[in-house]
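Next up: the structures, one after another.
Across the two complexes that follow, subunit A remains constant while its partner is subunit B and subsequently subunit C.
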Partner chain A sequence: MDRSNPVTKILRGLALLAVGLFFLFPLFWVALMSFQTNEQILRIPPSIVFEPTLSNYWALISGRLVSTAGVLEIKFMGNLWNSVFLSTTSVALALILGVPAAYAFARFRFRLSEDIAFTLLSFRFAPPLLVLLPLSLYFQDIGLTDTYVGLIWVYQLIALPLILWIVRGYFEDISPDIEHAYRIDGHSWWKTFTRIALPLARPGIAAAALLSFIFCWNNFIFALILASAGKQPVTVGALAFVTASGIQYGQIAAAVILSILPTLLLALYAQRYLVEGLSLGAVKG
Partner chain B sequence: MAFLDLDRLSLAFKKEQVLKEASLQVERGETVVVFGPSGGGKTVLLRLVSGVMQPDSGDVRLNGHSILDQGPEERGVGMAFQNFALYPHMPAFENIASPLRARRLADSEIERRVHETARLLKIDHVLKHFPRELSNGQKQRTALGRALIAGPEVLLLDDPLRNVDAKLRYEMRIELPRLLKSFGGSVLYVTQDYKEAMALGDRVAVLLDGRFLQIDRPAEIYKNPADVRIARLFGDPTINLYPVQPRPAGNGVEIELFGSRITLPGSHGHLQGKECLMGLRPEHIHVHTEPVDGGLPMELDAVTPLNVRTVLFLRTQDNRELLATCSEHEQGNFGRGHRAVHARIDFERALFFEPASGIRLPAAA
Partner chain C sequence: MAATTATQPTASPRKSRLGPALLPYLLSLPALIVCIGIIIPFFTAVWYSLQRYNLNLPYLRGFVWFQQYIDLFSDPSFWHTVQVSLLYTALTVILELLLGLGIALLLRRPSTLHNIMSIALLLPLMVAPAIASLMWKLMTHPDFGILSWLIQQVGVTNFRWAAAPSSALFTVLLVDIWVYTPFMMILLLAGLRGLPKQPFEAAELDGVPASFVFFRITLPMLTPYIITAALFRMLDSIQQFDIIYAMTQGGPGDTLMVFQVMAYLDFFQNFNVGRSAAVLMVLWAIAYILSNVFIKHWLRLRERARGAA
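After this line comes the complex of A and B, so read on.
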């Protein structure tokens, strides 16, 4: 394609604009909604001219939702903290378990290694509802229902396969000779792993960690079924705004904005790693 | 008792037998070149010695003690890889310093020795650079420095000149023997370039089909190859080979070759009636423009300069191809070829091989 041709340039610009609008407009609209009262939101026809208010955010932060039906206690900040805590610890645990496992799958051919790796991957495409019923029964039996430990455990279904498969591709890209050379220099296998393999796979580990963090953060169904309000993340917590006296659109919008902020900032910060890590991890098998 | 003793090493990948009871002894301070075609198991051999791979059977002994149960980090060998295998996230200095760091030397001592080694290898100006910023030649020297710096008793060099340009390869071929002698340890050097093998080895071990077919001084291997395949691999242009069947004639033997009957000089009585392959080195064929005593008439097809020598492509009267060489100043006599010439062949230096096995038949019974 001729990039210098002005007509193609303009067409490209228009196409990009169309795609950008398509994907970003809902987000933009939600952001506008978060600064409006329910009455302003429900106006017909809708208007983008309004007097902005911070009452939605204030309600979320103070935990007191004042509506026509009275004052409602909400635990949104608690939910936000739950999201941060659950996602961070889940990813940390998945890294501790998944990175050494990925290394093993990349470097050693052992009995059933491919089958085990594939089984782990299959967790990603099995529908969560399939495992939820038996899981919730078992969790009730062993007392893991409504505990952080139980949720973090279940979140491994989301985080572990991702980390394992992306990081494995990265380890496979490192020439084994580099590790051999380090061993021959006189370093132990553990030092070879921590000083050679880990630093060289760092972009992949960062991308995998970020991606699994986002997937954990966005998870809804596991926490909805397996935990109660006190342990639930923001995704489930936002349901609290569907109240008996109506749906609090303004608060929902503010909650959405607050809940995407951490992952958005993280993604912007690690964007470079993310694209690089995903494309490499995906192309290599 | 040899210093480094590789005793009947065997290794198979899947179903392919890479090494079949390969044995090799290396003395202290000796440089042995392991020579053979690619895929012949040379690199695998070095990996077995360094400990990053284990043999199916056989033993590796250093100073009389088996080192098979030691990990690569305990064996105290140095190794330079064909693809350099530098640590991409460390500058050249840290790459070279790595074996010293493993030995927990003091920083000042490491600093001193890295600079000393780098000066010797002429890379002291690039020590701060990362591998991606180095030229191939500098990478190769860095890898060599890393292998040498801790003064290992055994140095393993896996075709270190393979990935550097021709000029540098030529320089290193001259520089390396001096470097290896000053280093003083035993060296196993892998290459598939016969000139490198000739230039660098105290001895050359030819590895073919997983076995050492011949282990000898370089000149000896060239002069008396144990096998027709070795004869083919050693020499450029390659050796001329013809099937012949010596017959008794008078008190010697004669052969029919190139449309003539030729009485072989020397005693070849033991070859009588045997089918054999006769090998003629191109430099043992002297080509003249005028008829000479004992010269065979031939057609000169083409003249191709090769380094300091010139290759002559000859066509014999029975329409076979024959390669000969001449010096540069003789080349002028032949113009561009396409003319009748006379070749006097030094049959005294002819080599005879058994056609089926390729094994060399002794010169005299």
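After this line comes the complex of A and C, so read on.
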């Protein structure tokens, strides 16, 4: 493959260019739109040469959309904060609940262990609405509708199976002999767990946490059903914002960019963990 | 307890004691509670699907055995949903697989450019599918969308993207492919780079033609990865909601009425809880079978990756 002739080399180059264009152009173009005024966006033919403006971002951050029709109050920054809060606390809770369980599943064979692990895994692949719709009725009865607690609880459906299965794989890869040796030295199991097992499984925990954070952040359907405007994350909020703002295209583009920037940056920062997590432990890079 | 551990250092790691006997139960209790928290609504849904239950007509609520399912199976709109969902799944999985495999082959040899590309291609996968739909809506807007403008330049006028029944499927497919092809690519690229080198070196020494190498060596060795990735995407695709809901809400008309959008609208627009639950049970049955096959393949692949590492 290294010594291919120039024609195939050119073809490969063109193919790579096409791939790059298809997958990166939408991000590039919407980012450009976010720095344009509505007049610049509506210009025909479209142009990449323009005087950039921060007015769209400023409107979103200040929460006041000024247009010819009047002033519109928007809570997009509230949605952004909800996303940060919901994703962070959900992943933190899932780590607290999931990592010890993953350790137990990896180290001890006991009744129920495989049942719990497989139930969580198989519901990861069940239609989310199947659980959400009855849950929405229950939540109304017990007053959890439109609360952070209710949402964080439901987000465990996303984060917990991921953490349990990825981290379990890492614990299983660590030889228990090291832990035994440490135990024999007279340390408690808790010390063995925190001093030996946890540090050794850190890459797996990082990969699982990163991936769950991104999946929680990107989730749409859970909050669509269980949260009203005040508690909605950006995924649902951005869509509602489109309906509310109508034709403020620059601000819609800016809202898109603000919603995706955190996950994009996180992915670039920790792409090694990401690839390992995404391949679900099927591939050890 | 420390003494027993000390006297049997070679005992099977599974049986050996790292802590008190109750410890594993204690550690997995929270996971068990979450499990129960999932299973209760699940059985509630099963229960709803056997009822005549409309939130608008609570006094008519009653147990009707399998009447919801009988009604559903004799309803042409349900079969339309089955058809659309299967078509959507087949098209997304096949197209993303071919494209993902193609890109993985292009980027196979590690080099700076290829590594940068494979990282850059992660980005669409990081965009929430609902937000990705929003991006493509902006790009296909009839007034200023860059794609609308581009196809006008090549002479196609009156192409209405997601707004017309004839092109709606094409448009959501584009979004789905944009978001999820990178997933296929990552898994297949990792698979390709993990393949043993010897067969390829031997083939190169013998001057075996590239097509033969691809079909007789690369493809068969990559098959476990391809099957796992395809099954995973199938499971996601048959349940697709975000992209279709954000793009067209199942429309125009019922053009893109897939399982979960149908169940959502039955619940929130028609308040027909019983029918919504029955639709979801049918989808669950399909997903359950698929997920069992997937889990089997995935665990086998994981074992293999372990063995190699």
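As a working rule, the second predicted complex is superposed on the first by the 250 of 285 C-alpha atoms of A that agree within 3 Å, B and C clash if a C-alpha of one lies under 4 Å from a C-alpha of the other, contacts with A are read in each partner's own complex, and residues count from 1 in each chain.
Everything that follows uses one rule, which is that contacts are C-beta pairs under 8 Å (C-beta built on N, C-alpha and C of every residue); 3 or more make two chains touch, one makes a residue touch a chain.
Please read all numbers here as calculations on a predicted model, not as lab measurements.
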Touched partner set for A:200, first subunit B, second subunit C, both or neither: first
Partner chain in contact with A:180 - subunit B first, subunit C second, else both or neither: both
Partner touching more residues of subunit A, whether subunit B or subunit C: C
Which of subunit B and subunit C A:223 touches, first, second, both or neither: neither
Intersection of the subunit A residues that touch subunit B with those that touch subunit C: 175, 177, 180, 183-184, 186, 189
Touching residues on subunit A, where the partner in the complex is subunit C: 1-2, 12, 15-16, 19-20, 22-24, 26-27, 29-30, 33, 41-46, 96-98, 100-101, 103-105, 107-110, 112-113, 116, 118-123, 125-135, 137-138, 153, 156-157, 160, 164, 169, 173, 175-177, 179-180, 183-184, 186, 189, 192, 214, 217-221, 224, 234-236, 238-239, 242, 249, 252-253, 256, 259-260, 263-264, 266-268, 271, 274-275, 278-285
Residue ranges of subunit B in contact with subunit A within the complex: 47, 50-52, 71-73, 75-79, 81, 83, 85-89, 98-99, 101-103, 146, 150
Residue numbers on subunit C that touch subunit A, as the complex places them: 2, 5-6, 9, 13-16, 18-20, 23-25, 27-28, 30-32, 34-35, 37-42, 44-45, 48, 102-103, 106-109, 113, 117, 119-132, 134-139, 141, 143-144, 146, 149, 178, 181-183, 186-187, 190-191, 194, 210, 225, 228, 232, 235, 239, 241-242, 245-246, 259-260, 263-264, 267, 273, 276-277, 280-281, 283-284, 287-288, 290-292, 294-295, 298, 301-302, 305-306, 308-309
Partner subunit B, residues of subunit A touching it in the complex: 175, 177-178, 180-189, 196, 199-200
